[in-house]
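Take a look at this one; I'll ask things after.
Chain naming follows the written order as A, B and C, and within any one chain the residues start at number 1.
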Amino acid sequence: MDFNLSDITGYLPLVILAAVVLISLVIEMYIKSAPKILPWLTVISFLGLSYQSLLTIGKPGSFFNNMLATGGHVNIFWFLFNFGGAVVALITIDYLKKTEIYHGEYYILLQSSVLGMMLIAGAKDLIMVFVGLELMSLTFYILAGFARKRLFSNEAALKYFLLGAFATGFIVYGLALIYGSSQTLNIDKLYEHFTFESKNIVGIIGLFLFFAGFAFKIASVPFHMWVPDVYQGAPTSTTALMSTVGKAAAFSALIIVVSPAFGKEKATEILTPLVATFATLSMVYGSITAIMQTDIKRMLAYSSIVHAGYMLIGLAAGNKEGIDGVIFYLIAYSFMNLGAFGLISVLEGKEEKNLAISDYTGLGSKYPVLAGLLALFMFSLTGIPPFAAFFGKYYVFMAAIRADLLWLAIVGIAASAISLYFYLRVVVVMYFGKDESKFEVTSSNPALTGIIVSALLVILMGVLPGSIIDLIAKF
Amino acid sequence: MTLEQVLFGFFALVAVVSAVMMITGKNPVVSALFLVLNFGALSGTYVLLRAQFIAVVQIIVYAGAIMVLFLFVLMLLRPDREQSYFKDKPQMKLLAIIVGVLMLAQIAYAVLSTTTGKVAEEASRIETGTIENIGRELYTTYLLPFEAIAFVLLTATLGALVLSKKKLD
Amino acid sequence: MTDYIYLAVLFPLIGFLINGLFGSKIKNEKITGGIGTAMVGLSFLVVLFSFIETLGLPADKRSRIVEWFTWLEAGGLKAAAAYQVDQLSLVMSLVVTGVGFLIHIYSIGYMHGDKAFWRFFAYLNLFIFAMMNLVLADNFVLLFLGWEGVGLCSYLLIGFWYDRKFDKGTVADASKKAFIVNRIGDFGFLVAMFFIFSYFHSLNFSEVLPLVANSELKPWVFEAIALFMFLGATGKSAQIPLYVWLPDAMAGPTPVSALIHAATMVTAGVYLVARTGIIFAMAPTAMMVVAIVGLCTAFFAATVGLVQNDIKKVLAYSTVSQLGYMFLALGVGAFSSGIFHVMTHAFFKALLFLGAGSVIHGMHEQQDIQHYGGLKKYMPKTYITFMIATIAIAGIPPFAGFFSKDEILWMSYANGGLFFWIIGAVTSLMTAFYMFRLTSLTFEGKERFDKHHVHPHESPNVMVIPLMILAGLSIVGGWVGLPKVFVGESGNWLDSWLAPIFKDATRKIAHGGFHSHFEEYLLMTLTVIGAVASIMLARHIYIKRPQIAKDVAESFKGMYKTLYNKYFVDEFYQKTIIDPLVGLSDKFLFRFTDAKLIDGAVNGTAKVVSFFSAHLRKFQTGVAQFYAAVMMITIVGALFWIILSF
């Protein structure tokens, strides 16, 4: 194998993160003050890596015998994972102490999961997608059950694990069928070999099973049923991780593997209606069911399903605008949700208290800053300009219209009209509720920093969406 | 019909039957033993695919080490007879069978009606599955997945520790 | 000054930021109120100078685009923060900033002592910022930003006193209703935008609108765009079927009702239709729909206004009715008449609301006109200005309302036909009647309030002076559009000023045949005589013989109840739309699918039942199996689809 040292700048983030995982293990084992060091080591290395990812964005490269690609969209995803990871770590610091579940392994697992995501987004080979997915999913199962003494956390972890393994089974079977019909696992060659025009049912079924497995990970109806239980049961900081960058990683796999199929005639004809159906179901079912939720984490779980639907629209559109729109949407969505879950984790009391929406009554007058930020994220999730999600939706819907899927865009708009209700209900309760909120909030400066950074990003993406979509569309 | 085809038919039959017996068995220990049989049959098919090394590893690691561990755990825990999910809900059992059969039929139809391309020459040579070849491939072409797998295993170990070790509290 | 038009947008934003960020720290009402007012005043000056500058230019050079910065660019879409300064947008922004400025001054007095004084001014400034974006935007995207922005401000300001009761619910309910109903309209507007972009590949007015007139596209495209856009307009401008939020919007502070829900925001729909007039001109069916919806709304709201007892409710229905007039004008192709009425209506309706605010202020928050009476001796200035506005809305020459309303009625006769005129004229008579019912019950006759507890008093000068200025405008404001029958084709200043904007659209619309001057004089005289007659009738009934009103209400009990309850439309929407939707979510998706099928299958009880237990394992595997079954069934279904489509 040719080994060129100058190549290393391309995949340096991977190497560094792997090293950080190992170093963290050693620190956790041998150094007494690990609880002080580990969180900040995690935050700083994530920030450094996200900066490094942006730095080499313009240098495409492929490494390890065409197993890994860098540059362009890959680096945008790497940036998203690392920056999102940093925000999650900031949220986690005080949350673990408050809920008395601190173990240093949380941060190590967090780092490993981001490593897995980076492998998925950079994959050039289906094997890499799978290994990265396994790394990410395993850490998620463990992080979901991290609150070992809480029943709901256990339930969430076990449920997620069983169903996740089931979904992974589909992915592996899909990979086997794809390999069987095209004799390669390399993603570029795959589409050269793929004889779509002939009667290659096996290949398309393989592709669909692969899609279905990832539809589980992105929480699309009808593969969504684990989502409310797991999002609710898992520790809030874990939910923040899974629902944002975790979803983005799964989407990156779909973008890498499934979206090129949409150029081919036969595949488009068959897959577009399927993806569009999943998108419609997610938007409609998610937004209507969310209305009746009383628990805010559960409500956001259904909201996550709805947003998966919007993003699937971009995938169904199958054109370049759609993919760019999905990436923009993923970034926007990740930071909105990180902010929202961050705030929930700050407001959450011990023993999972203060999680019902009605608990937030009168928050606006008691904690104006927290309530204001939460309102901002709710507005953004609704899709009200000038916040980020509006443009995410806009780009995705536009792409759908270009691809002659006007009806899908109209369903999307209708769903966002419905979703207004459950997002604004939180705002209404906070500001227009009569009685004072009952609980005391232990403020957390690191978490608040992370939340404010997310809020700034959400506003920035809403005010200057042009320059960001330009950056994405350039590659 | 060549000997290869006969052997494949035999191994495949054993694999399928043992798999079915495993999931329908009432006693967990018996189920585990059927799983061992299933692994054995699979390693037979690996040999037929010229993957001798994998076949051996399958026997040593899965059928040998892991399943023995499994059996130990089962013996030690002695799980009582579980109330069967299907016993409470016979209609779910029916549904499961119908869906399973449908999917089998679908896949069979798809595989049979697809005109496959050429079979890679490489795969049909006897040397492909030797330790030497596999080792070379692992450390050249598949270096990155190989290293990544190391992290998967590390994470799994860590996870087992975090979720189950008593001392942590 | 035109090059710096963005300053007119920027100043209110600065005001919003200062008051919004530091208002709670400053606390001093003089400073916060002063900043808020001054910023709008500066904005008004910028617009005024641009207007004077534009006046000096020849007619074909008056329309200009001032680009500020590129806001977003993607694919073929470019939306800049660019402002279109032309005859139409200047008239609109003069009204917005001018009336807005007066209402800001008034609010200093009205909101005096409120615990969130600064917040009120911050919201008002934000509103002016959004509204200016709406009227000045040179593309649909920026217009939509303003459109959503004014909606948000309206929501925030209706709910300003969120802890108070209103009608059967709370103020918060009213604000939610306004927001949600508006979103239905926004849906239409968005779809219209998508259509425009997919057929014209641009959302800039200067690129889309000139193409429309010579477009080869099929007529249905324009019909669809126009109808969806009109759906958006019905939401914002409170037309049938989406008008229901406006009467409830009266829950907000009265200056808000005056500024947002009478003078400016609600006319955004009229502005949108006028701005895209050429698209409507290409869509005759849509034009017909606009005219008929406008006519029905005008008539229907006027009938409801006849019997309401809440002073602000009467004015609210009157606003809905007058907006209907504006859409009637647009629908018959008289775009400049519609804009003319927007302007005069802004003057007299703002005055009416502010006057009502002054009365409410003086009567300790009492809003029921049955508990007023004889107030003219206690608050003479309010009385006189209120009367001027009432005469203006009733359509008595030479007050402002007469000219714009007469123009609309004449155009609806000339372009629409006799039927349009009759309904329009009857509505006009009803308007005169219920407005004088209002003034008679409020200011004249016996004093029906408890004199020991209520001491009516005139409002402070800071509130009265804006009233006087608006009263002046309500008198002279109509003189910019004198009827052509008096002054000849070029004598109607406003019409010739706006003509270049609408020339493509008016050319497209085939006008009715020739009408003689005699007809016009005749109709004009008829409406004026009718208006005077209904005024006399109203004064006679409500000042001298109140018994008549009761007798009439008694003998037409069913009709009275229907009108009083606004034709039960709210109840109808509740039963047919809201309840089923909530029911679907609650009963089917939540209770049935989620709770029965999923939770009920195994868990659900788990949270109630004890924490450890054998049950735990049971419900977990159970749920997972059900979840897995759903996944499996989906996949099998999808595989059928794949196999069958080969």
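Keep in mind that, in the parts below, contacts are C-beta pairs under 8 Å (C-beta built on N, C-alpha and C of every residue); 3 or more make two chains touch, one makes a residue touch a chain.
Treat the numbers as computed from the prediction; the structure is a model and nothing was measured.
The interface with the greater count of contacting C-beta pairs, when A-C is set against A-B, is A-C. Nearest to the overall CA centre, using the mean of each chain's CA atoms, is chain A.
Chain B and chain C have Cα centroids separated by 68 Å.
Between chain A and chain C the centroid-to-centroid distance comes to 41 Å (mean Cα coordinates, whole Å).
One inter-chain figure worth recording: chain A and chain B are separated by 31 Å, centre to centre, where each centre is the mean of the chain's CA atoms.
Annotation for chain A: residues 199, 201, 205 touch two or more other chains. Those residues of chain C in touch with two or more other chains are numbered 621, 626, 635, 639, 643, 646. Listed for chain B are residues 106-107, 109-110, 113, each touching two or more other chains. Every residue of chain B that touches chain C in the complex is listed here, in rising order: 83, 85, 92, 95-96, 99, 102-103, 106-107, 109-110, 113. For chain A in complex with chain C, the touching residues are 151, 155, 158-159, 162-163, 166-167, 170, 199, 201, 204-205, 208-209, 212, 216, 222-223, 225-226, 229, 269-270, 273-274, 285, 288-289, 291-292, 321, 384-386, 391, 395, 397-398, 401-402, 406, 409-410, 413-414, 417, 420-421, 424, 428, 431-432, 434, 464-466, 469-470, 473.
The touching residues of chain C, when paired with chain A in their complex, are 70-75, 77, 144-145, 148, 152, 159, 162-163, 170-172, 176, 179-180, 183-184, 186-187, 190-191, 194, 197-198, 582, 584-586, 589-590, 593-594, 598, 611, 616, 620-621, 623-624, 626-628, 630-631, 634-635, 638-639, 641-643, 645-646.
Remark: chain A residues 1, 18, 21, 25, 63-65, 67-68, 103, 105, 108-109, 112, 115-116, 119, 125, 127-128, 131-132, 134-135, 138-139, 141-142, 145-146, 148-149, 157, 180-183, 193, 195, 198-203, 205 touch chain B in the complex.
By the touch rule above, chain C contacts chain B in their complex via residues 618, 621-622, 625-626, 629, 632-633, 635-636, 639-640, 643, 646.
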